[in-house]
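We just call them A, B, C, D, E and F in the order they show up, numbering each chain from 1.
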Amino acid sequence: MKLKIINPNTTWSMTNMIGAAAARVARPETQLVTVSPKMGPASIEGHYDEAFAAIGVLDEVLKGEAEGVDAHIVACFGDPGLLASREVARGPVIGIAEAAMKTASFVSTGFSVISTLARSRVILEHLVNVYGMSGKCRSVRASNLAVLDLERPDSNARTLILEECLLALREDHSDCILLGCAGMADLAADISQELGVPVIDGVTAAVKMAEALVEMKVSTSKAGGFATPLPKAYAGAFARFAPSSDDVNG
Amino acid sequence: MKLKIINPNTTWSMTNMIGAAAARVARPETQLVTVSPKMGPASIEGHYDEAFAAIGVLDEVLKGEAEGVDAHIVACFGDPGLLASREVARGPVIGIAEAAMKTASFVSTGFSVISTLARSRVILEHLVNVYGMSGKCRSVRASNLAVLDLERPDSNARTLILEECLLALREDHSDCILLGCAGMADLAADISQELGVPVIDGVTAAVKMAEALVEMKVSTSKAGGFATPLPKAYAGAFARFAPSSDDVNG
Amino acid sequence: MKLKIINPNTTWSMTNMIGAAAARVARPETQLVTVSPKMGPASIEGHYDEAFAAIGVLDEVLKGEAEGVDAHIVACFGDPGLLASREVARGPVIGIAEAAMKTASFVSTGFSVISTLARSRVILEHLVNVYGMSGKCRSVRASNLAVLDLERPDSNARTLILEECLLALREDHSDCILLGCAGMADLAADISQELGVPVIDGVTAAVKMAEALVEMKVSTSKAGGFATPLPKAYAGAFARFAPSSDDVNG
Amino acid sequence: MKLKIINPNTTWSMTNMIGAAAARVARPETQLVTVSPKMGPASIEGHYDEAFAAIGVLDEVLKGEAEGVDAHIVACFGDPGLLASREVARGPVIGIAEAAMKTASFVSTGFSVISTLARSRVILEHLVNVYGMSGKCRSVRASNLAVLDLERPDSNARTLILEECLLALREDHSDCILLGCAGMADLAADISQELGVPVIDGVTAAVKMAEALVEMKVSTSKAGGFATPLPKAYAGAFARFAPSSDDVNG
Amino acid sequence: MKLKIINPNTTWSMTNMIGAAAARVARPETQLVTVSPKMGPASIEGHYDEAFAAIGVLDEVLKGEAEGVDAHIVACFGDPGLLASREVARGPVIGIAEAAMKTASFVSTGFSVISTLARSRVILEHLVNVYGMSGKCRSVRASNLAVLDLERPDSNARTLILEECLLALREDHSDCILLGCAGMADLAADISQELGVPVIDGVTAAVKMAEALVEMKVSTSKAGGFATPLPKAYAGAFARFAPSSDDVNG
Amino acid sequence: MKLKIINPNTTWSMTNMIGAAAARVARPETQLVTVSPKMGPASIEGHYDEAFAAIGVLDEVLKGEAEGVDAHIVACFGDPGLLASREVARGPVIGIAEAAMKTASFVSTGFSVISTLARSRVILEHLVNVYGMSGKCRSVRASNLAVLDLERPDSNARTLILEECLLALREDHSDCILLGCAGMADLAADISQELGVPVIDGVTAAVKMAEALVEMKVSTSKAGGFATPLPKAYAGAFARFAPSSDDVNG
């Protein structure tokens, strides 16, 4: 099975860390490709960043389809470009937020998401609703870390995240933590150890969900809202992204 | 007041029709600029099209900000790029779906949206939920028209749309119709006449909402999820879109 | 355009203040009439007060219809008599709570309403739900001011309201404030200045929404739950309010 | 125990029928008083009628409090004036819609409400939501009967209602019927016999709920949104309804 | 009328206390039988305990049906076995949580449930949703008492419960308290006196609701999800519980 | 990895079919044990059957824990005993309804569940809500097949199920089918082929989800509502199920 992980931001140090986290949990026979798009934001911290990141994600998914990838993973906790990607992919496309929340829902009666900046909270709260998790998610807490702070070895990221985790358990009565940024993937095991509750990293969850779906032979339905884009002209700089009639399913 | 209307697709015949519909309802002192982006899909019929359209919308909003526009309108019923646009705009940014639904909610106890293709239904149903209109919207009905069919003088668009309207009134107990595509803007008056119920075109609604908000001196809040994008590098083809520190509010 | 603003309580000093707030924002060509009913409570602080205020509102809407008013505004943040008024009005009838919330929803990712007494909280929370704003409204906060305290020049209203605003921004993560009483209309600009976020007064919002709807030529749908009252006898003191067959639409 | 049943409309033939239905189910020791207000609509078929009916209801509840009534029942399926009545009553005030729905929820996995005119549907759907019954109520169906048609011996009311009941069972998968108008109270037993499912009349349900609450010694909480109206002046024709400081609890 | 109250746990001292609480409020002509099952947990503090308690409840309901019981009450605040019991009972089966919440909803604008251990919170929150009370229930608070602590005369149960009640009124703005364990039934009157708000014990509420439904002649609908169990074989230790064709309604 | 699949009914022919379906999709290194409980109903078609099946499930989970099982699967589409099982299991416990719905939500914009008898519909609709899938599930359709009809080689099960699938696609606009009974597991591939949309069998989905969670090293959180049952006495026939202090986590 060939699995393509797309870090939607263009910071390759984070991409490499994500790839390593994925490799730790993927099965030996799973072939992993982890990339960042050629274009787009260095980090994703709002709707504007997400809009550009989505194009990078789509570019990589289109390439992935040409390369025969079995499933794609969008490795940013806002799941940018996820729905659009499902229109162009035959196999499953998994967002790490969706994967993390659904994984948590099997083992938890109420979880908290620890995000980076406060400004990302509305994006995550929106995903909580869209994924049907408003009855399960007890809080989205901001650690007030910029995404790229997570990359700095001298940052106090671990401390700040842990603080919010403890508040989530104590004040919000959560019994499970979701790390709300792909850049936190390497902290999961350590924090879970410290807290004594499941701590779920979305990259890990998405890799395992993707493997599961591919082995189930479940692919993205083309009979509804994820139907292949209709062939049409795209103007200007996006001309090369125009869906051609060859793409149409069937 | 300067009002910029962005038709997110690149079909200028539709852009001109939208501009004419807006001009019919705008106040004399409102200065209207109606444009299509330089790049992007000829019509928007799914998440994939929307992702690219969003970039075109953002490009035009950024230009609009530089030109001193007081408010922007996103004139596609899926409201592509709306939330991201609010991060970069000082003044209000109004989507035609949001404007139409909120307008309807003042005069109706239950409305239906008549959309184009069935594949767009999930996008509209999502907006209904996000805008808090699930208690008001009784149905989203597809007329099985492609967006560009609306441009063809010989199409049976009016007939197909009218048929769905009648079903909405009779079977779904709706008392108000929303035209679910900017390309239907010129049909509103005629269909309303025929049905005897309010028929709301989003372009019209958005122009009047935009005028209202500007005159109220209400601008987009920068204290929450619509805060100005943080300065950071954007790689590759999107480098020119990178938020600079000059943009940060304050 | 002729616009009638009804302050549902019978305190004319507040009516005059409301009229002044409306005049500051209405367009020159809009003709404003601002009234209080002849009968009813001096202030509205609960369901009982609202029930009587609703009759005064209806009395004024009926007169407004006879006078050729284009739209009515119900200028109390509980929107008393709003739905009943829509049955007897041809043009739009706008409640200030509904107008404020819908206005806020265009520019905010989460707002708070600052109300007067704690006992009004359930009424406002109900409106938040009915208007589909439970995903947007982060809190309804009581300032523990009686409505008529707002009229007393020596009251500490501004201080108490400001305190709750600050808590709303800090603790509830709101990015926009709604002033939850028509009697606060004159505080909006000043508080917005102080807080640096949009502060929305319902009177202002309703005037601009009413102007917008009238110019859109959107009137209240008579095909559903706002159909004209059926002709029938009304007994006793209310005999003069009995709908006659002349009222029936068509 | 003294129980006052208020038929909010002023049609005494219906009031008498309601009184008879109540008498059939009340306990021997329960003293029933069934009245219509002195003022207000002959039938209630919309928000406008409800607004006036609410005043009549309040007038009777205020008298009932003076007369030492233990609980009040509002015997119209729209529950007009219910919340306001709870502010002025010490004992419970029970609406027949609320009583019917809560009764049904103990014995049914999904019920339908059969109402009179289609225009009342939005009022009932609103109550379904407010009473938390949207997960239980499978449909609100209109029989297209005017309320006073139910009083006419020659009307085909029973046939039309039964037709909708059968559709509710067959098409909406309901297993219980609620008669959505006090004027249908005398049909419950007969229709239940015919359908073989519980058919719940709100008058019956409200009488038994009222008896239950009084015997439980549970009275309306005055610590929240049903607190006694604050003393204040009421202008004009409503002056006599002004809450005086004597009314305040404690 | 014969009413059977089943304490689903096997601690007879609690059963007796429940029986005494029921006797205080039941009508003289109501014949009460209060029992514990022969098998099952000494207290119910989680889903596992509930699963076993449900069998004990069903055993007693089946016996009750043979004995001609008119209605059953499940006297544990998690309502274990309630839905299954409704399949085998002809008359109503009332859970004390459901009865307490629905009773409260007639007299309160927002209530809190005071439960025992924190681990029970998710069970109660689930019931709040299932019973449509999420708009009414402002909090579920744990007093950190084990169920059987309530039986110990020297426990500080009253103090701990009262503390949470006060927080519920002050911080959660509740105006009514529900005692979230059958073992608290004897505290209701005393705590209500102290707090000055309605305090509702589910045993009391269920007895009065059961009496009301029986007198209304409303029985459990067999036309939907509470249909009589289909005849089939049960293996092993449960063979005697196999539904036989004699049980099928009709 | 050792994976235990529990068919909660006691019909071993179905158990064997389930085991075969699981084996087709499990990884070679996954050791599968598929069992039926020793006691309980031959098929599960309602709440009553579920209550007894839950005990059988718990019995097998307890044994599974003793045997060092890594994860359990509850292979009945009502997920009986699932939450209780999570209290006694260290590893994940996966219900096939939950697994199927969450799997579908990755690849579908709206699915339908095809169940057996109409009486099961309320149980499935409840699960749809509890799992947060009400925005995704467009219908639960009954095929009017008894569970054990699925075992009869001469039944018209495939035809009836296919009919409902086609209605789900055409009338409910679904793009994905969930087979709502473990007994349908062997039909998935064939029906998917015929319909051209994903058809998801819960057994398959649960096996792959279980493998994924075990490999993620995510276990059931013991810090909230799935905490280990507290040690206490169980009376009578259930004495052997009493949680002992040895079980308590830690």
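In this section, contacts are C-beta pairs under 8 Å (C-beta built on N, C-alpha and C of every residue); 3 or more make two chains touch, one makes a residue touch a chain.
Every value quoted in this text rests on a predicted model; they were computed, and no experiment measured them.
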| item | value |
| --- | --- |
| Joint neighbours of chain F and chain C, given as chain labels | A, B, D, E |
| Interface residue overlap between copies chain C and chain D, same or different (over half shared) | same |
| Maximum centroid distance from chain A, chain identifier (CA atoms) | D |
| For chain B paired with chain E, centre-to-centre distance based on mean C-alpha positions, whole Å | 52 |
| Chain B and chain D: spacing of chain centres that average the CA atoms, whole Å | 44 |
| Separation of mean Cα positions, chain C and chain B [Å, integer] | 27 |
| Shared interface positions of chain E, touching two or more other chains | 86, 109-110, 121-122, 129-130, 135, 173, 224-226 |
| Chains that touch, pairwise | A-B, A-C, A-E, A-F, B-C, B-D, B-F, C-D, C-E, D-E, D-F, E-F |
| Chain A-touching residues of chain C, taken from the complex the two chains share | 109-110, 135, 173 |
| Chain C residues touching chain D - in the complex, by the definition given at the top | 10, 37-43, 45-52, 54-56, 58, 81, 83-84, 86-88, 119, 121-123, 126, 129-130, 146, 148, 224-227, 229-230, 232-239, 241-243 |
| Residue ranges of chain D touching chain B (in the complex, touch as defined) | 118, 121-122, 129 |
| In the complex with chain A, residue positions of chain F that touch it | 25, 27, 86, 92, 94, 98, 102-103, 105-110, 130-136, 169, 173-176, 196-198, 200, 204-205, 208-209, 211-213, 215-216, 218-226 |
